[in-house]
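Two complexes, one shared chain (chain A), two partners (chain B, chain C).
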Partner chain A sequence: MAPGSAQGAPAAGRSGPGMQGGGPAAHIVCMVSDFFYPNMGGVESHVYQLSQCLIERGHKVLVVTHAYGHRKGVRYLSSGLKVYYLPLKVMYNQSTATTLFHSLPLLRYIFVRERVTIVHAHSSFSAMAHDALFHAKTMGLRTVFTDHSLFGFADVSSVLTNKLLTVSLCDTNHIICVSYTSKENTVLRAALDPRIVSVIPNAVDPTDFTPDPSRRDDSTITIVVVSRLVYRKGIDLLSGIIPELCQKYPELHFLVGGEGPKRIILEEVRERYQLHDRVRLLGGLEHQDVRNVLVQGHIFLNTSLTEAFCMAIVEAASCGLQVVSTRVGGIPEVLPENLIILCEPSVKSLCDGLEKAIAQLRSGTLPSPETVHKEVKTFYTWRNVAERTEKVYDRVADEVVLPMKERLDRLMAHCGPVTGCIFAFFAVLNFLLLVFLRWMTPDSIIDVAIDATGPKGAWTKQYFLGKKRRAKEELADS
Partner chain B sequence: MSRFPARVPGSGPCPGFPPVSRAPARVPVPAHVPVSRPCPGFPPVSRAPARVPGSGPCPGFRPMSRVPARVPGSGREVAAASAPAFLAPPPAAAAGPGRGCGAPLARGGAMEPVPGRRWQKVLYERQPFPDNYVDQRFLEELRKNVHARQYRYQAVVFQSGAVVQQLCSVCVFVLTWWYMDAGMLSPQGLFGAALVSSLLGYVLFDAVDGGAGRWASGRTRWADLKSTLVFAAFTYGFSPVLKTLTESISTDTIYAMSALMLLGHLIFFDYGANAAIVSSTLSLNMAIFASVCLASRLPRSLHAFVMVTFAMQIFALWPMLQKKLKARTPRCYVGVTVLFALAALAGLATVSSVGAVLFASLLLAISCLCPYCLIRLQLLKDNIHGPWDEAEIKEDLSRFLM
Partner chain C sequence: MAEQRRFLSAAGVPIALRRRQHSASCRELAVRGPRLQLRSLSAVTSAVWLAAYGLFALSENSMVLSAAIFITLIGLIIYLHFVKIDQESLLVIGSLGIQVTSSYASGKESTTFIEMAQVKDVVINEAIHMQKVIYYLCILLQDPEDPQGVSEVVPLFQFCFHGNNLSTGRVDSSRKEELQATIGLLDRSVQKLSRDPGAEEDSSSIK
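And then the complex of A and B:
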């Protein structure tokens, strides 16, 4: 199939004035995920921060997500990041329903209007992301996918999800994972060539997480836990650790931030052992409050049972806390050994780890929060993430998008005889729908959106300085 | 762990993958390089057995670790000759053609590639390798079939005895009802026989383990006698009610319901498996419900009383004795099972010879054929584990809340 006219002239930007000349052309990237602000979480902040840094690097970025309550239509965020909140029905856990077809008209309009060249989908839980990948491939656009989570292989639900992931990723140009463990997991789940999978970790904003030793009470020892209170975060383990350690160390305090269904067992433990003055449950925290909670503690405890990257421990270490964590998923890759105490996911091992941290704290052998912060802040930055993601885009831009015939062959050869044929059929239907839509509204009559982002975008200070100067510049340009 | 020396990580694009960067477009497409491909689930490669795509890695995939980076036979550096540059170790990658992801991360100048430097599985350090670098240690923590158990045929056949026993119990129960309904068995006779066998079983129950179980539970004989008397008295007192309870319901419905309940009893019965579906309470309740249904179709209320009592004995007491026999005297248990099965078959043969043949083949299939299938299919098990698995909490944490 002929690639759509949507991938017409790539906008100038990276090689524009003020940037280092001679560089490759800028990309027009469309981030698609069901998860975006105002929803809070790791994926949301990843998409936002990455977009901001890519805009800073001269690319045009837009975000497509579904409508959140009254927040629908188009919004502009800082530095002209355009967000489309599409009116699609939310089914479960903030994820939209997927029929593989119903979102094509809307997404095609956006891709054409914005002259998108690369579609970057996020999170394997997001149905919209998979839909967008499917449509983008039909339209002949380059596709990138970022996987943020780990999955098992044992139960029926994982078998089905992994099959769908295989279908979705078998003809995707490039995949990004947040840790090496996540890469191994994704390669196995989707039966991929490991060379089209890059590892680009998440990042935290080190200026948001600065230490403040004056905020903590040095007459006691405070252990901080900040996580959603759900089974996967190992809150059951925490309910065993609290009584065990509180009996041993009378000066020990726990500070628990977060909300969730497992809160009840922490409350039970607090009741049963009469620890109301020593175990404080803060409830749900806003993102900006997390730092203020973290700096009140000496030790950060993470009891997760599975974790692809774990931003929480990086945030805690950036605030200068000693981190004690379970050795699961990608966690051992995240921090160097001198900053983290890794334990097995059992009450005994975690208690041992915490006691080791307490002993170090008492003997004063722990490095000062400032030194820890200085070390951690160099590890993960969004600028670095954007730089590495840009390399992936550069690479993808050089690749060919599979023509329809090869795509069908790939689907049928790669995804099993039954699933492959079903999805190959869907791909054909999707293509016919696209042809129909092109006949209804040809690409040529769809307006081109004004580029708001980037140094040459409409969303610059020049716009506010005065339209006259801007008009002059335009004259000069032409 | 076997080694596949010919399997070189990243020594050629996977079949079906188009040239992914500019590099292979200039270099002749390396189809002639005599290496197999390392991709999991990709179309079958020469030495690995064919495998359903997507079902997991090929058996030969794991050995990717510690494989020499040189193509055997060809004598050429893989990276320089065939692989896209992004796979090559840093120096070769720098020499490789093309820009883009192929060039190592160090292009910015901050990190000079250090020759001979080992890749580490850490994220906090910027390493002089491209982001899509595949190290030889890739997937080295992959484990297969960790929890798979190797069964012995005899052991599985022995364990299948529990299923055979329960099927026979149901069969004997229905047969007894049939005889009573046809007037071939008097309620007094059945009650006497059941009483004698219960007393025998009671003595045996304590004799098998020398009274250790009773000592541990701390239950007195007086308590046993009391509950027996209470149960018998209540059942006897209510048997007229049981008799007339289902009068307004059609007999066909009763049969259908009993059949369903007995099936449910077999499904939820505790055969010793640790599964969510197992519920001995539900199982027993269903069996008793079936017995009440069937008893209500018998001619008199004494019949109904004897039927329900017999159901209690065969569905509640008999499995307890079986369990103890199985644990203490396995040989004896096998003998009892075989005798019980033969008795059930003989009884069934008097009612329907076709039924007896079918039932016999069912029992044989369960005790001989199914274990064989289990052991054969166990060989095909392909379960993968690794650091991405969700950790299991193995301790009992409820003690903290007690």
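And then the complex of A and C:
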């Protein structure tokens, strides 16, 4: 179920955890997020691919997430990536409930037994990620946070989340954003020093998204839309575009992949204008099916209203489609101008953009899918992301973790008098709980976990062969 | 021929492992937990009695005191007879099977026998238990209907190693598929204790 692991020659130079040798020391990174496989989405694949590439570079990586149905406990994915599915209650939208304290015993146990040096939390929607940051700071570990989404400033829910984000990030060592727009947004939301915020874009696996012109039907023009059918993705705009363009161009077809609460609107449109043969709704797609849908189309349409970094348009461009998208958030940074047509987020502007793309397609001035693929392939690779993330880790490893007193001062000075005091109080409580836990089970009696990560991991075949042979020799000797 | 080695259990208390080779294909492994500490016993007793005296001072009813006596006595009997395990031992007989015995502090013994044909594998697994992540040694039992399947997971030496009971897990059909996937991984990964008793000494690799 997990996509193929990153292949290729493993980068040498790093000394493995627990090994002496030249070169900078390897980090033991713990990725924490509520969102991980088997759930599907951008954050999930980001965490997985980044972990795989970091393992390839010689670090030890583990992932901590909450239990998904029967999937509880400890699992191993390709190249020994260890995943802890903790039995915590899910509250809303796959995010766990938070009390700031209840996850401390388990997380502390994991951080100690795996000898974690850096805690890397993902996504501001994930309560578990914030909890882990809070605990890691109490335990004196270095912390990194990656923000994957954009927020507003005006409505009540954003005001609250922004406040929480301020508290959570004010003493985090380093923050990673996926685009410059996202960086600007995060710095403003959380009132951060921009110097500790880095921009590392997402990547796509170019081998998963290859063009296949034979799959498209050139007697028609197919517009593909792949997104969750929710308000944020601008599905209401889509429902305005479909009838208008279908009336103008009789050979136009729409292919919509994805599931969500706004599906009913598209179904209504289809019903009202009798477009059953021209608008196909595919429903929810598995990640591996996305490519098969993409290659059937000529034009990819993205109608998002807010987007930090749009993976979907890179995937589409990698499959050789002409991309038409709204000019929102970080999207203008993602692709060069010759590969994308940007429009304002309105029905009229998007229709103009699509008509322009259709005209180019008819006149044959669009570049061929192969050339587009070759160009896009070089833009965003996971190896590059891992390399840049590693630099962040190196930098963080040299920094000092704020001692308790300074941390409290920072909280009170940075987060306003009321919130600051409340959370400073929580931080003290958390510390007392940690002292109690250390008294109950001292760090020294916690078993150190076997390191199974990477090509030198304990559980590769060679180890077994060696072990068996040794056992046999011992038997023969005795 | 017997030898004894000392270890710390996962809860940090000292335990002793004794190995005894009866014959070439028969060997016995016994793990002995710590004895009942006089200190903890007197601590619990005095706590109950102090509480009883407090209640007595409030209610002035002497029934409270006699109830406290009964509670301490019955509690002690139940603890010694059903909870406190002094020693857990594993008798492995090559072609026959594995006998698991636990001796309680009162002298009561409970024995289960697992026939060799039922044993699919012996593995060390990693699991989240209460607020801890632990390694535990367990026997996987063969599912009689499905040669690839596992019907039950029997944890070994649970009391002495972990200080409490990991219940024997019955595997229902909905979880079977997932468990098999895990075991496929385990086969490749966890150091396998091969079924011949000669390699059984790996069980001591748990601290």
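The rule we apply is simple: the second predicted complex is superposed on the first by the 440 of 478 C-alpha atoms of A that agree within 3 Å, B and C clash if a C-alpha of one lies under 4 Å from a C-alpha of the other, contacts with A are read in each partner's own complex, and residues count from 1 in each chain.
To be clear about the criterion, a contact is a pair of C-beta atoms (placed from the backbone, for glycine too) under 8 Å apart; a residue touches a chain by one contact, two chains touch by 3 or more.
Nothing here was measured: the structure is a model prediction, and the numbers come from that model.
Note on chain A: of its two partners chain C and chain B, the one contacting more of its residues is B. After overlaying the two complexes on the shared chain, residue contacts for A:395 are found with chain B alone; chain C is out of touch.
Of the two partner chains, chain B is the only one that A:192 touches; chain C does not reach it. Using the contact criterion defined above for the overlaid structures, shared-chain residue A:86 touches chain C, although it does not reach chain B.
In the superposed model, A:422 lies in contact with neither chain B nor chain C.
Common to the chain B and chain C contact sets on chain A is no residue at all.
On the side of chain B, the complex with chain A involves touching residues 9-10, 13-14, 16-18, 20-22, 38-43, 52-54, 56-57, 84, 86-87, 99-102, 105, 108, 121-126, 130-132, 134, 138-139, 141-142, 383-395, 397, 400-401. Partner chain A is touched in their complex by these residues of chain C: 8, 10-12, 126-128, 131-135, 174-175, 178, 182, 185, 188-192, 198-199, 206-207.
Considering their complex, residues 24, 150-154, 162-163, 166, 174, 179-182, 184-185, 187-188, 190-201, 232, 234, 236-237, 239-240, 243-244, 265, 268-269, 272, 305-306, 309, 326, 328-330, 332-336, 345-348, 379-380, 384, 387-388, 391-392, 394-395, 398-400, 402, 406, 409-410, 413-416, 419 of chain A touch chain B. Those residues of chain A whose C-beta lies close enough to touch chain C in the complex are 70-76, 84, 86-87, 105-106, 109-110, 113, 441-442, 445, 447, 449, 452, 459, 461, 464, 467, 471, 475.
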